[in-house]
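Structure first, commentary second.
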């Protein structure tokens, strides 16, 4: 079992090294798609860290991502703080927010959590816009850095790899074991001495940290930032679809989901820009009705059947 | 006084929408996140009928109700019932129905935006009306009374008819309802369809005084969910009071602080409920 | 020899669900190394009492304390860590975990915490102890009912609890399995473990319990040795009803 664990870690290591060379073989359009894909790989892997074992559909990604992007922008434009200082502060703010949301909702049933996160990005956007209009002056926020697309790509790759390694370590830790038990039967978990609410909140905080960090790194890509741009509920849904499409039972599942989804998404955005929402909706339906365990689940059940016959 | 009256009128319409969601979640046990889109569909119908053939929304409403009922019944039978059947645990059904209704929600937004991508602006009964020293638009008043009549009819139907009692029984305990010979799948489909119809009618009414567009549904879903949780799942009386509370708070925040903060206000209420009364305003604390 | 020490103290315990009083002013003690039977007709509040002790929910009024530390009102995980383990009336194994992992789950977070190789060793010993050595590598879902119960018992023992709660652990077993089950609990008793068991099987109560508390409609109606309480006219009336 541990042997297999190390094998998957090695495999990921090879993938990361291969992925690091992408900017050398391509640029322009395909590099920008690669950056988008890498952003979603990092977000979806971070999402799976929490939602995989708990089965809670978190829609908070957009809120965390927005906090990352917005704080960098407002810090640099309104307060003249350097990018790196804001890059350190923003994820911590997200972690605190995750802790508060978790403490309020995760001790109750999962449905409250889903509903709470559903409008979260929208709500924070409203709050931030209001603060900006009334107290900070409603001028635009600029994130001006020397980063090229390549830099952003590599940083995102670094985050994705870090999230993966952390997930791998959690899987082998007591916390990961506790999450596995909670996923099986939360009532039993409590009676085995597991502080279930705390375990869930900790994982949610880790997810929040990395989602915000991705927001931070991606901010220079937009250079001009307004709340409507970064607090986009769409990101939350995209991440959910991609993670579920790949499969959440394995940490590498999201990678399989992100790449095809992004390619189709880009094609649709270019040729039928009005059909993206419909595509999002149909993808959700396809996952529920045809791929309940994602591509990974499908592959595993096929190989199992193959072996049995 | 202005705030009190406008808030009350807004709350009345919210109550109708939340009653629709409550029927779907409390009875059919489906957390319908496409609820807001159902509402917007009702609004779109009113807008199209009004701009194309100047049909009064009050007439459209009569057409929307049976159509929405039939559509939601079909959705339940062919899309949601299979999920109910395949779910091994209630948790799995919850996740599946959330994802499926998300899918429907986005698909509907996509379709509605392609039908009419602009705001649904039309002017119906936008004349001032004097009430208790406050001026309100007639359309708000009409929408409120229509909501009261429909909501009242619904409550009466649930309390005084045989089918209504069966619906309430399923809401209290699915298993026990089955044991006393109630056809649970049929009642669930009925409740889901009825809930959808009520929501769509609510949308038709709201469209007379709030300008909607194809992608605004999720905000209404959110508000309806907050109302249902605040009022207590399955508790229609609670929904009505919670809706009025939300209507009042939103109107107060919008007119006293900033209209952009209404969702923030709704969230503050939601957070308070989650922290102090997760069982709803009138719910008994279950162990 | 010193007289046995009181380990667990239940005082004036009451639990209301809405208007229903499920447990009404219960008071009893459990001494160290004692096997105490909690018996009574269906619906008399035995399982609710067990749930209150294990912290599945908190009491409306009254206290539960162990070693003079008040436990009532604490969440379930803290009560488990304080040293109370339980099995469930309807057996609850963890289907996604292996047998060994199921038992480690009891060791990792419980009263006496073990992790890593130490936990694996302990899990194997306990699995052998409850008679599951030949099934160790099978999936949990393929276990028979009694084997699932054995697994649950091993899991409850893994945290080395000071008090073990067995909620109808013998229910639903066939006569042969019942003999095995009684023998297993009897071994635990000889080891000097402190156990509270809710049980309907009279043979088990007679042979296993040092003392019994009898409940009816949420209140305690008798307390004493199995022979004494089972011949008490009020207890008989509670079980058989008035003529």
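By written order: A, B and C. Residues from 1 in each chain.
The rule is short, and it goes like this: a contact is a pair of C-beta atoms (placed from the backbone, for glycine too) under 8 Å apart; a residue touches a chain by one contact, two chains touch by 3 or more.
Each chain and its UniProt protein: A, B = Branched-chain amino acid ABC transporter permease; C = ABC transporter ATP-binding protein.
These numbers were taken from a predicted model, which means no experiment stands behind them.
Every chain gets a centre from its CA atoms, and the centre nearest the mean of all protein CA atoms is that of A. When chain pairs are compared by their number of contacting C-beta pairs, A-B comes first. Compared with chain A, the chain whose C-alpha mean position is the greatest distance off is C. The centroid of the Cα atoms in chain A and the matching centroid in chain B are 31 Å apart. With centres taken as mean Cα positions, chain C sits 47 Å from chain B. Computed centre separation for the pair chain A/chain C is 44 angstrom, with centres defined by C-alpha atoms. Contacts from chain A toward chain C in the complex involve residues 174, 177-178, 180-181, 183-185, 187-188, 190-196.
Across the complex, chain A is touched by residues 54-56, 75-78, 80-81, 85-86, 88, 92, 94-97, 101, 104-106, 108-111, 115, 155, 159 of chain C.
Taken in their complex, chain B has these residues touching chain A: 31, 33, 82-83, 91-92, 94-96, 98-100, 102-111, 113-114, 117, 215, 218-219, 221-222, 225-226, 229, 258, 260-264, 266-267, 270-271, 274-275, 278.
Interface residues of chain A, counted against chain B in their complex, comprise 55, 57, 104-105, 108, 110-112, 114-116, 118-120, 122-123, 126-127, 129-130, 133-134, 233, 237, 240, 244, 274-289, 292.
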